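One structure is given below, encoded as C-alpha cells.
Think of it as A, B, C and D in the order they're written, each chain with its own count starting at 1.
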Amino acid sequence: MANIFSSLKNAYNLFKHVDFDKLEALSKKVDLPKIVETISSLDDKQIQGMMKMMGGGSGKKKELPPIEGDFYHLGDEALKDEDRELQLKVRAFLEKEVKPIVNHYWNKAEFPFEIIPKLAELNICGLTYKGYGCPGKSNLMEGILAMEMARIDTSISTFFGVQSGLAMGSIYLCGSEEQKQQWLPLMQQFKIIGAFGLTEPEVGSAAAGGLTTTCKKIDGKWILNGQKKWIGNATFADILIIWAREEESGDVKGFIIKKDNPGFAVEKMQDKMALRIVQNGIITLTNCEVEEADRLQNANTFKDTAKVLQMTRAGVAWQAVGCARGAYENALDYTRTRKQFGKPIASFQLIQNHLVDMLSNLTAMQTLCFRLSQLQDQGLLKDEHASLAKVFCSSRTRDVVSSAREVMGGNGILLEYNVARFVADAEAIYSYEGTKEINTLIVGRAITGFSAFV
Amino acid sequence: MANIFSSLKNAYNLFKHVDFDKLEALSKKVDLPKIVETISSLDDKQIQGMMKMMGGGSGKKKELPPIEGDFYHLGDEALKDEDRELQLKVRAFLEKEVKPIVNHYWNKAEFPFEIIPKLAELNICGLTYKGYGCPGKSNLMEGILAMEMARIDTSISTFFGVQSGLAMGSIYLCGSEEQKQQWLPLMQQFKIIGAFGLTEPEVGSAAAGGLTTTCKKIDGKWILNGQKKWIGNATFADILIIWAREEESGDVKGFIIKKDNPGFAVEKMQDKMALRIVQNGIITLTNCEVEEADRLQNANTFKDTAKVLQMTRAGVAWQAVGCARGAYENALDYTRTRKQFGKPIASFQLIQNHLVDMLSNLTAMQTLCFRLSQLQDQGLLKDEHASLAKVFCSSRTRDVVSSAREVMGGNGILLEYNVARFVADAEAIYSYEGTKEINTLIVGRAITGFSAFV
Amino acid sequence: MANIFSSLKNAYNLFKHVDFDKLEALSKKVDLPKIVETISSLDDKQIQGMMKMMGGGSGKKKELPPIEGDFYHLGDEALKDEDRELQLKVRAFLEKEVKPIVNHYWNKAEFPFEIIPKLAELNICGLTYKGYGCPGKSNLMEGILAMEMARIDTSISTFFGVQSGLAMGSIYLCGSEEQKQQWLPLMQQFKIIGAFGLTEPEVGSAAAGGLTTTCKKIDGKWILNGQKKWIGNATFADILIIWAREEESGDVKGFIIKKDNPGFAVEKMQDKMALRIVQNGIITLTNCEVEEADRLQNANTFKDTAKVLQMTRAGVAWQAVGCARGAYENALDYTRTRKQFGKPIASFQLIQNHLVDMLSNLTAMQTLCFRLSQLQDQGLLKDEHASLAKVFCSSRTRDVVSSAREVMGGNGILLEYNVARFVADAEAIYSYEGTKEINTLIVGRAITGFSAFV
Amino acid sequence: MANIFSSLKNAYNLFKHVDFDKLEALSKKVDLPKIVETISSLDDKQIQGMMKMMGGGSGKKKELPPIEGDFYHLGDEALKDEDRELQLKVRAFLEKEVKPIVNHYWNKAEFPFEIIPKLAELNICGLTYKGYGCPGKSNLMEGILAMEMARIDTSISTFFGVQSGLAMGSIYLCGSEEQKQQWLPLMQQFKIIGAFGLTEPEVGSAAAGGLTTTCKKIDGKWILNGQKKWIGNATFADILIIWAREEESGDVKGFIIKKDNPGFAVEKMQDKMALRIVQNGIITLTNCEVEEADRLQNANTFKDTAKVLQMTRAGVAWQAVGCARGAYENALDYTRTRKQFGKPIASFQLIQNHLVDMLSNLTAMQTLCFRLSQLQDQGLLKDEHASLAKVFCSSRTRDVVSSAREVMGGNGILLEYNVARFVADAEAIYSYEGTKEINTLIVGRAITGFSAFV
C-alpha cells in the first residue's frame, strides 16, 4: 500500500483533468471507494459496455459478424467476456463431442455415458449455487447454457437439468448443511448422479394436491410406499430425491434414496417418441426404509418442493429456445444448399416466409427469456413470469421445429438431417414441468385474480 | 475551480478509503476524467442501476406493484427516473385528453385539432433529434412513447409519427442547415404541420424502383408532376415533403411544398375502415413549381429517402405494441367485471386462455422492441432488424386485438368498449411502412443471401 | 283396387311409349313393384333430384366452367335445375341492386330501405316453410341463398335472416294457426317487418338461464318489463317477438309486440364497427301491456324458443361461408390486376399461398355446410352439429377475410375495394347466435358427456 | 319391338304386384317412359344407391348411434349397404389384427409381413380397377378404406397405397394388355409385391423436370443408370416400377424391374422418425439391363406417369383424414377416463376446446374428401382439386394430431397410448406426394392463371 504522500501525488496525476467540483458532489451521492473497487474488477469489455451504456451509444456504426440464431446480438453484446467465453466453450464441446453421436443414441433410446466425464470438465454443473464447489454464476448465464445444450440436443440438456437443477437444487435449497457438504461437491463433479422423483402415474405436474406416495416414521425410520413415473436419470442414478406425503400430517417430505436401497425398484420406460436419450423410470417403493439422516431436513411442506420447481422453470423456457434455435439453424443451412428447379430453395418466397417466421419467433423467445433471467437475477421472479415464458416458448418452439421440418421436405423426417429429433423432442418440452394448460392457469390466476383450475 | 492544494486535500478526503493500486491500474484502462464526468451526470436511480448492474443484483426480493400491460416490468425497471416520469406524463395526458374523445372522432372520420396545442406542450416532438429545440433523447424512449400513444389511439400515434418522424426526419436527415433552422423549431412546436409524400397509387411501400412522380429543372425552377396516395396529414399540412424522380438522371429528389403552392391539389381519402382519424390524402401535382431553395439539399438518391424510413420503422413496431397493449388492458378489465352464468367471465378457463395468450404475445413484443431500440441506440440497427420487428409485432398484434374482441363477445364490436377501434386499426399498422410480405423478404434476403422479391 | 282388365288397359296407356325389352330385362334385376311404390312416395323435388342424379354419374369427363368461389362445383352439380336457377337469380339481384350501394350505406350506418320491395319480388322469404305463401323449399337451398346474400353483404343477409328466420320462424314454430294466418303471408311479402328480442344487456346468447325481462298476467293482460339489446331491425320493425320470463312460473313466454305499443321504446345502437347496416336497437319495456291474443300460443318454455334458434343456426354458418367467399373473390380479382415490380401480384408465391389458404378454407366450409344442410333435410340435425359448423365456419371466415385484406395491402382498408367491410362484419358473425366459446361447449358436452359451462 | 298383346302380357306379369292406383297417379307427375329408360341404364350399384337414397330422405327424424370420429354420419348415411359392410369389415380386421402389433413394429422400424396374407383375404387391393380380379368399386369407397387403414396405422395404409395404387396403377394405366394379365391378378392377391420408383435424391415430388435416372436402348435392350430414393416397399418388393429419362429423346419411360435383376441394388433407409414401418429404399441402378417386354408399353412421356399420380393423390388426402381420426378418437377416449383434480379431464373447458377444435377440423376434412371423391367418380377431378385436398387435409391433420398429443400430457409421447405414432406419421403425410408448397403452387396456378414455381 502506498503512503499518503505518494497517494496524493498519484491522485494528483490521476485526477488532474477531473472536475473536482463534480467529483465532490458525486462523492456525496455515491460510495466512491466501492465504485473504484467495482470498476476495477470489470474487464475491458465490461468497461466499454458501461461507458457505452452511460453515454447512450458511441454513435459509430459497429458491424457485428452475422450469427445465424442470434439475430439481435444478445450473446456478444450482453455477456461479460468470461461468460461469453464460457458460452462459446460449452458450444464447442457440444458440437465436437455431442452432435456427432446424438442421433445414434436417440434412435436406440440409449444414454451416451461417455460424455459424463467430459461434461464434468466444463465445470458448469450447479452453475448458480454459491459454495460446495459451484461456480456461483448468474441465472442469465445458466439460461444461456441451457439454450446452448438444447441447441445441440434436448435430451442432454434435460439430463443436465435433472442433475444440476432438480436433484442438486433439492439438496441446495432443502438439505441440511451436512447434506450439502456430503452430496453437492460430488454431484457437481458428476461423481454422483442424481434424479428427482415427484411425478406419479396419476399425478401430473400440478402435483401438490394429490401426491399418493406415502412416508411414515416407524421406530425412527421412514417407510415409503408408492409409485413415481417419468423420473429422468432414474435407471442409473446413484441417489434419488423422492417426495412423499406423510400419512398423519399430510405434509410433503423429501428423501435422499440410494439406488441399492431395499424396497426401491426402477423400471425403464420404453417406447418414447421424444427425448429418447433421457432414461425415464417408473419407480416402485415397497416398504422402502430410509434413515432420518437421509430426509431433506428443510423440506417440510409442498412449498419447499415448489421452491425447487420455481428455480428450474426458467431453464425449461431456455431449453425451448435452444431446441428452436437448433432446428432453425439446421433448416437455414439446408435451404441454402438444397436445390429445386435449379436454384437453392432458400431463394424461394415460400421458403423465406418459413425462415423469417421461425427467426421472428426465435428472436422473440430470446429477448423474452433474457428479460426473464434478468428478473430472476434481480430477485423479482414470480411463478407467473416463469409460467408465461414456459407457455410462450414451448408453444412457439413447436411452431419453429414444425416449419424447420417442413422446409426440408421428406429429408426432414430423417434423423441424419438433424431436425427430426428436435421435432419430436419439442413435444416433451411442451408438456414437462407443467403442461401449457397448467401454466396458462397459473398466469391466468395472477392476472385476473380468479383461480380457474377446477 | 479549486486550486491544486485544496484539490489534493479534497482528493485525500475523497479517496482515503480507496485502494490506490487498483485505481492506478484502472486509470490505465479507462478515461477516468470522462468516467467522473459521466457518473456525475447520472441521477440517483441510474447510479443505483449501475451499481446493481455491476454487482449482479442486490439479491433482495423486491415486490413491484402489478402493472397490467407491463408484465415483465420493463417500464419501471429499465428507464431513468426522468424518462419514466416523462412516460407517465405522456400517459396521463393521453388518458385525460385523448381517450374521452377519440371514439367520437374515429366514428366521424375527423381529426381532433384541439389536441395539437396540448401535444406541443408535452415537448416530445422530434424526440431524438439534437438541436433545433428538440430534446435529444434515446430511440428507446421514442419507442416507448410511440407505444404509449398507440395504447390509447393508433391514429394519434400515426399523426405524431408523420410529423415528428417522417416530415421532420426528412428535413433533419436530408435538409440543409438553413432548412433545418427554418422548419424544425416550428414543427417541433406544431406551429407548422408536415406531411410526407412518397407512396403512389400504383407504387407501394417498396417504392424505390418504380416512383412515377417526376421532377424536372426548367429555368432554375423544379416542375413536379404526378400523384401521391395515402399521404397522412396531407389535407391540413402546412408543408409536404414530396419525393419525385428526376426524368433525366433517374435520381429521387425531395421537395418541401407549401399547401398553397399552385399546381398542388389534395383530396381527402374517404371510407377507410381503419385509422379513421388519420386524414389521408391523394395529392395531384400538375406542373407544380418549386424553388431550388425548397429542394432538400442532401437528398440526392433513393438511399437518402431510405435513411428516413429506416429511422422511423422501429417506431411502427412500437406502435403495434401499443395497439396490442391498449386492447389487452381493456379486455382484461372487461372480463373481470362482465358476468355470465353468475360469475365474472375472467374466471372461466376459456377466457383465461385468451388473456394469457394475449399477454404472452404482448410481453414478447415488448422485450423484442426493447432490444431493437437498444440496437438502434448502439448504432447497430440494420434494416432487417427493424423489418423483423415490424413483421413480428404487427402480426402478433393482429392476434391480440382479435382475442381481445373475442372475449368481449358482441360488445367487442361497439366502439364504446374501446377494443373495436384497435381491431380495425391493427389492420392499418399491419400494412403500412411495408407489408408483411415486403418486410419478410427484406429479412429473408439478409439471412439467406438470396433476394426473392421478384 | 282396379281389376286386372282395367289394370292392363291402364298399363297399356301408361307404358305405350316404354321400351318393354328393357323393362323386362330390368325386372330381372330389380324389384319393380317396390320401385313403383317407392317412386310414388316421392315428392316432385325428390323425383327431380333422382332424375338428375341418374343423369349425372355418367362416367364421362365433363368440363365445367371455372367458378371462382365454388371450386368443388357444389352449386352446378348438386342443385336441381330450378334451384340452381333461383340461386343465380338471387345472385344477379344482389350484384345489380345491392352491391353498388352497400358500401355507402355501411359507411353511414344506415339501412337501404329501397331494396325491401325488390327482395320481396324474389319470393324467397320464409323459404322452407310450408303454407302461408311460403315456397316450402329445402334447408340446403335456404343455406345456399344465405351464402349468396352474405357473399355480397352480410348486413343484408342478417336483415333477411331476422325477418325470415327468427321473426317468422317464431310464429311458424310457436304461433297458433290464427297467428300464422295473420302474420306470415304479410311478412313473407315484407309488408310487415319483424324483429326478434331475446338477448339482454347482461344476458348473452346462452340466454336460457338468466333472462331478466319479465311478464306477468294481470286482469287478462300481460305486463312486460325489462330491456333487450342488440335487437336487429328493431328500430323500424312493425312487430317484435319479445321473450320474457313469467315471474311466478319461471317459464319463458313469447309475445308479438307492435311498434306503437305503449310502454315499448327502442333506441338505435350507435358506433358499431361491424354490420353497420343492420339497425340494432336497445328495447326498453316499461309496463308494456300485451293482449293474450298476441302471446305466442305454443311457446311455453325456453325449449320452444330454442327450437327457433336451432332452426336458424345452420344459416349463420352459411352466412360465414358467404362472407368468406365474397372476400376471397374480391381479393382474387384484385391480385390478378394489381401490379408490383412490374407483374400481377397473383404471380408471387407469397400471394398464391394466401389465396390457396383462403380457398381451401372456403371449400372446406362449403362441403361442411352442404352436409350440415343435408342432415337438416334428413331430420338428423342436432344442436351440436350446427354448433360445430358455426364454430368452424365463423373461425375460418375470420382467417379468410384477414388474408383477403392482407393481399390487398393498404387498399384492403378502403371500403371501395370491397374487402374491408367483410373483415369488419366477420367479427359480428363470429360472436352472434352463440360465441365460439358457447358453441364449443355445446359440442364439447355432446362428445364428452360432460358439461363444462360453469 | 314387341306387339301390343305381348306387351300387355308382359306388363301384366311385370306389374301384377304393383299398386296401379299409385302408378297412375305417378304417371301424371312424371315421365314414366323416361324413368324406365333411365333406370334400365343403371348398373346394380346405381340402382341400390337409388333405392337407398329414396328410402333415406323420409323426413322422419332418425336417431343414429353416436360415432366418435364420424360426427356428420358420412359412413352410415352415404354408403351402400354392401360398401358399408365392407368398410366395417376392413375396420374390424385392422382393429383385431393390426392395432395390437403396430406400435411394436413401428418402434423397431420393421415390417409385419404376417399381415400380408390377411390383407389379401379382404380382397380390397386394386379396388377401383375393372377386370384382372379387381373389385371395380368407386373411388369414394377407396378413399374411405384408405381412411380406415390410416386410422389404425398410416404405415400400413402407405404400404397398401404403394401396392394397390402406385405399382398396380402404373401397370393398369400404362401397361400393355399382356403386362396387365401377367401382373395385376397376382398383385391383387399380394402374391407379388410392387414398388414405385420415381423420386430421386435430388429430385423431389415435382419430379417431371429434372429426372436424372437415364435409360438407353442398346441392341434391343434397355440400360438404366441412376438413383432413386424414398422408394416404399423397395427392400422386399418383387417388382419395381422404375421411371427413367431416355437420353436421346428426353422422354420419361417406365420399366418393370425384378428384384434379382443384375445392376439393381437397394439399401434400406435408416433412422426415420415417421412411418417407421414403411421400408423405404435407396435404389442404385448400374447398367441395369431391362427387356423391351418389361417396358410399360403405354408410358411414353411424363404425362403418363402423371396420370398415375393424379389417380392416387386423393387417397393421400383420405390417409390424412384417417391419421387425424385415429388420433382424435384415442385422445377423446383418454380424456374421458384420465382424471386430474379429481375429475375426468374431458370435463375441463381447455380440454373440450381442444377436442372440438380437432373434431371440427376432422369433420371438415371428411366432407371435403367426400366431395373430392364424388368429383373423381363423376370424372370431374382435376389436379388442382386433389392438390387442394392434399394441402388442406395434411395441414389440418398436423393440427389435429398435435392437439391430440397435447391433451394427453406426457403420456402423449409414449407409443402405447396410440397417439405419438400419429404425431410422427403426420409429418410424412404432410410432405409426401408433393409438399404443401408444391401443391399450393399447383392450385395457385389454376386459380390465378400464373405459374409461380420458379
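As a working rule, a contact is a pair of C-beta atoms (placed from the backbone, for glycine too) under 8 Å apart; a residue touches a chain by one contact, two chains touch by 3 or more.
Keep in mind the model is a prediction, meaning the values are calculated, not measured.
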Problem set entry | Most distant chain from chain C by Cα centroid | A
For this session: Check B-D against C-D and say which one is joined by more contacting C-beta pairs.
Result: C-D
Exercise. In whole angstrom, what separates the CA-based centres of chain A and chain D?
Worked result: 46
Exercise. Could you state the distance in Å from the CA-based centre of chain B to that of chain D?
Worked result: 55
For this session: For chain C and chain D, let me know how many angstrom lie between their CA-based centres, rounded off.
Result: 35
Seminar exercise, completed: chain B residues touching 2+ other chains are 348-350, 353, 440-441
Exercise. Which part of chain B faces chain A closely enough to touch in the complex?
Worked result: 1-2, 4, 7-8, 10-12, 14-15, 17-27, 29-30, 32-40, 42, 44, 46-47, 50-62, 64, 66, 68, 71-74, 77, 138, 332, 335-336, 344, 346-349, 352-353, 355-357, 359-361, 363-365, 367-368, 370-372, 375, 377-380, 384-385, 388, 391-392, 395, 440-441, 443-445, 447-452
Seminar exercise, completed: In the complex, chain A touches chain D at residues 103, 107, 199, 202, 204-206, 209-210, 230, 269-275, 339-343, 348, 350-351, 398, 402, 405-406, 409-410, 412-416, 420-421, 423-424, 427-428, 430-432, 435-437, 440-441, 453-454
Exercise. Okay, in this complex, where on chain A does chain C touch?
Worked result: 348-350, 353
